[in-house]
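Shown next, in structure tokens, is the structure this report addresses.
Chain nomenclature is as follows: A, B, C and D, assigned in order of appearance, with residue numbering initiated at 1 for each chain independently.
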Amino acid sequence: MELIFSQLLDGLSIGSVLLLAATGLAIVFGLMGVINLAHGELMMIGAYVTYVTQNLFRPMGEGIFELYFLFALVFAFFITGIVGVILERTLIRQLYGRPLETLLATWGVSLVLIQFIRSVSTSMTIGIVVAVVLGFLAQRFAPKKLKQASFYPYLSGLAWLVSAVIGFLAITALSGSKFLSKPWFGPRNIDVTAPKWLQGSWGSIAGIELPGIRIFIILLSALLLAFVAWFLTKSVWGLRIRSVTQNRQMSNCLGIPTDNVDSITFGIGSGLAGVAGAAITLLGSVGPNLGAAYIVSCFMVIVLGGVGNLVGTVIASMMLGIIQSIIGSGAILIAFPEIPNPSRAVIEFFATTSMSYVLIFIFIIGFLQFKPTGMFPQKGRSVES
Amino acid sequence: MVQATAPASTKTILRASGLNVYYGESHILRNVDLQIPEGEMICLIGRNGVGKTTFLKTIIGLLEQRSGNIEYDGKQLTSQAPYKRARAGIGYVSQGRDIIPRITVRENLQIGMESLPGGMGKNRHIDPLVFELFPILEQFLNRRGGDLSGGQQQQLAIARALLGKPKLLLLDEPTEGIQPSIILDIERAVKRIIQETGISVLLVEQHLHFVKQSSFYYAMQRGGIVSSGPTSQLSDDIIEEFLTV
Amino acid sequence: MKLFKKLIPWLLLAFAFFVLPAILSQFRLNLFGRYFSLAIVALGIDLIWGYTGLLSLGQGIFFALGGYAIGMHLLLVTQNDFTTGANGLPKFFENYGVDNLPFFWQPFWSFPWTLIAIWLIPAIVAGLVGYLIFRNRIKGVYFSIITQASLMVFYHFFNGQQKLVNGTNGLKTSTTEIFGMVVGSDDAQIVFYRITLILLPFAYLLCKFLTSGRFGDALIGIRDDEARLRFTGFNPVPFKVIVYLVAGGLAGISGALYTIQSGIVSPQYMAIPMSIEMVIWVAVGGRGTLIGPIIGAVLVNYLRSLVSEALPEAWLFVQGGLFIFVVVLMPDGIYGWFKNGGFMSMLAAFGLAKKSATYPKVDMDEGYAAES
Amino acid sequence: MTTPILELNDVSVDFDGFFALTDLSLSLSHGELRSIIGPNGAGKTTFLDVITGKVRPTKGSVSLRGASIVGLSEQKISLLGVGRKFQTPRVFENLTVTRNLELAASPTKEPFSLMFKKLGPTAKDEVHRLMDYVGLAPFAKVLAGSLSHGQKQWLAISMLVAQSPDIILLDEPVAGLTDEETNRTAELIKSLAGEHTVVVIEHDMEFIRDLGAPVTVLHQGKLLTEGTLDEVKSDPKVIEVYLGQAD
């Protein structure tokens, strides 16, 4: 029984990580109709921000270093949020109302982000800055006459291409210097040391140890969920966001700047991904491929929980987390050794982490046969138009 | 048919000239000219589907004209987003009322203040005037907007628009599908607002009694203005042609 | 002229069939063979996405199933030191102490059954998955997400079942033998290259048959306005199941051809990126046209080889950029861009070609005239 | 009086507490032409949704030729002989005019018969007849997406006819049409009645007058009154709904 309880706790913490990761995705999907396949890579950025923060805090001495993780969470939120806002302003904005297209374009973004983390170096950063600045300058200072020409769009595309090539040449030129061209992170995994107060046990209940990191993640996700709920229901921006999602046109007519609302919504969703990424660093080493491991589970949470519903997201992620930890670890078999053979064989078959995914999927497909819109469907006339 | 004329007043808050508006391929508004004098209520009449709502949507910026101009408060409105027009003082009460359904009445009212300088972050206090005009709203402050009845929603929509202190209020069929008693409330409220604040109103309406409260009318048919004049001259023929079944 | 245009694809095919083997190195030829086999899975994706509007992110499942089918057969029938273990079974079974061939391996002793299984098993799986999804009117992004999830499930399943299919390592076919030839040998590879080029036009013609008649019109109806089609008396479910099934079968054939030419089939074929890349080949080439996916699959993969050979680190940047560029700026793909006069209008913009008359409007209205 | 072909009995539709239709009863006999008018939000479109199976009534029965059709899918109801034109003309924009019509005219709608069987000569003739009739013959090979709004309306209506349903439901067939097109549409609709039962929902009163058919007035999801246009016009209830009060 103790085993089951500790597996339950484990499941809750797996579920909490899923919840952290899925909340941001659910906001972006449910409120804006954007399928963000780069969400996992935004998590990755959050993880790397944590890593950088740790390295920055390390020389500051033992006492302050212990607090680095709290700062990392804040940095992860804001830096990833800003990346999200940039993404929304440049790319996502072109694709509203075409969810399948957002899916493909954000996949492209995710590839770029993965490779960026792998190979970013000082020389590369300089090259990118050079290219972007040149590109903008070219657009900015193009003669007005040229701008009206019918071939201007092609010309401006060409200007961007030339700037990119110049940026690339700059990178190549700078790569002569070992110092400048050394990748900051490289393709290998990075490790984050959890501060001491997170390591070890936080006491015990009824003889069961409460591992600090797991409890911390559960608390963090609860706290963040509370923050999201507060932000959406009580703050002014939350009101604007809800208003825009429920009736975009009228909100616009009432004076709500809908494009800013879009940016902020996407920024918040991305920021949450950053925090999730920061939290994941506590569980083990992370690398550029971190995103892929989480993205599909996050989407499963959304499909199961119903779109645009925080309660559904919570229940679905906890359910998936618990199924994974109880079945996937084989804990049931150890706890109840006397299960008769046919069912025992079935449980054994699914008793690996990989196979528990299979089980979860069968469960979800089965569930969707009865409730195609998820546990908590959106009600109202406008659902299927 | 009555000769089309323009209202005599000198100062206009809004002047639309030669507007042509399309929905995809279908030509909805054809060369519409219309003027709204400052501080008066003007009425736009016509049967369902002739383009009245399209006209209001073009003014607020939900639709863009293919040709023609809209001059508001001395400035041209060209491809400005609706929220900018709202902040410039155009209030809009749409035909479906468009109450934001899953937020409370209080929040709906707060959103009305978004078009004031500083937005609703700086303007949190709901002007008691709206509760004086529509007492029912004060009672239902904490209900969800979508749970109100049609008439209550209409009052909320007007109150919401008023909280933005507009210079020009666009009302799209405020009495449609509403009990007569509430219609009178709404009529009284609109008249009082015009008297007290001096705003201009463009009313799209079918309800004859309400139409007669305005000073000037424009009648629309198949997307064009076909008749206009002071409401006092609104003859039975015109009523028969544009308002009845 | 018109006839000539029609002949171009066939001339290119003949060129690829007869001339390329003579002028390309064995290494290049093998790569092209792989690209052409990938074009077959792209055709299937075009059928379901370009024509029917169903964006499947799970074609890797069917692709890999086809690959596994041929791989299992080759491993069984080959008896040599590289592939056969002490107990006469494929070698990898030794590592996991498996002495009895798992039951589902048995039929793969038979070559005819393998030829059928290559397309039949993926098709059946696709039909089943499709039916379960379509009958609940799940469509759009939900369909995409669920297909992606099912992809992940198969990936985990094949990864986790070492005793059945050698887990992560997959099945290595390059050292196996078929009809007396080593599969990885140059002679065999030329044969596979030619077989691919024979099957590709068949896949094309099958798709052509499905999309050009009234069946194809119904597919386009489903893509553009499914509800309207339903009100016209059509039940979209069987249509969708059929095309999804066909696309699955094509993916299986493609996967089998790819496997024998690349020398291995592994769960990596079911990894998430591979399936999304397949979709992008179609997008790059031009969805909703049957030439488009072939162009896309060959071009993108060729580009991939070139870039990865020159600058391995840059490929993901190029690929990601290509995704974004095509989705945002070239939604009809390369072929669609040419076909819709994009190229000519570019030339016209620079004054290099005459501006063609604008799109023939059936009726001009004064609004247009007033605006322009 | 023959038995009604379509009968609605006490039908109510409740969208989360909002009643789009309340206790609506209505019956149509074979070959009848009927106009339905009513202010916005009167439940006209929901009325069509209920008949065509898009919306399931919360209460009440809908029967076609005496058999209930509640709960059947859209395609089944369509195959039973109910055709519908939507408010905006929904045609398949990426198919040519001919192919739009052939799709609708297909006697069977099964995938395999579409794949392997050619369209029979009767259906083909019908397609040509319809194209000639509505003046779309010159555009036979044009993509429907590039037709004018009025031509799309006609294409949508002729697709309905090609389906040869017993009941034709037309939601705003003349919205956005010019005067001349409106007149021609009225002619077209009148010619359809008799052979088919036709229900027209419109705002355009001149058009309703042209049709000269009995008028049903809906208001707030209820049936307000029925009668000839003149009767309806002088009905104080209708005047109240449209004008607010009877003055």
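Here is the rule we go by: contacts are C-beta pairs under 8 Å (C-beta built on N, C-alpha and C of every residue); 3 or more make two chains touch, one makes a residue touch a chain.
This one's a predicted model, so the numbers in the text were calculated from it and none came from an experiment.
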Greatest centre-to-centre gap (Cα means) from chain C is with chain B
Report the chain closest to the protein's overall CA mean, measuring from each chain's own CA mean. A
Could you tell me which two chains share the largest number of C-beta contact pairs? A-C
Distance between chain B and chain C based on Cα centroids, please, to the nearest Å. 56
Please report how many Å separate the Cα centroid of chain A from that of chain B, as a whole number. 44
Using mean CA coordinates as chain centres, what's the chain B-chain D distance in Å? 33
Measuring from the mean C-alpha position of chain A to the mean C-alpha position of chain C, what distance in angstrom results? 30
Residues of chain B whose C-beta touches two or more other chains: 25, 27
Interface hub residues of chain A, defined as touching at least two other chains: 380
Give the residues of chain D that touch two or more other chains, as numbers and ranges in rising order. 148
Sort out for me which residues of chain D touch chain C in the complex. 52, 54, 73-75, 78-79, 83-84, 86, 90, 92-95, 99, 102-104, 106, 109-111, 114-115, 119, 139, 142, 146-148, 151, 159, 163
In their shared complex, chain B is touched by residues of chain A numbered 236, 239-240, 242-243, 246-247, 249-259, 380
In the complex, chain C touches chain D at residues 209-210, 213-215, 217-218, 220-221, 224-225, 227-235, 238-239, 242, 359-363, 365
Which positions of chain A touch chain C when the two form their complex? 35, 37, 91, 94-95, 99-101, 103-105, 107-112, 114-116, 118-119, 149-151, 153-154, 292, 295-296, 299-300, 302-303, 352, 354-355, 357-358, 361-362, 364-365, 368-369, 372
So, in the complex, the side of chain B touching chain A is made of residues 60-62, 81-83, 85-87, 92, 94, 98, 100-103, 107, 110-112, 114-116, 119-121, 160-161, 164
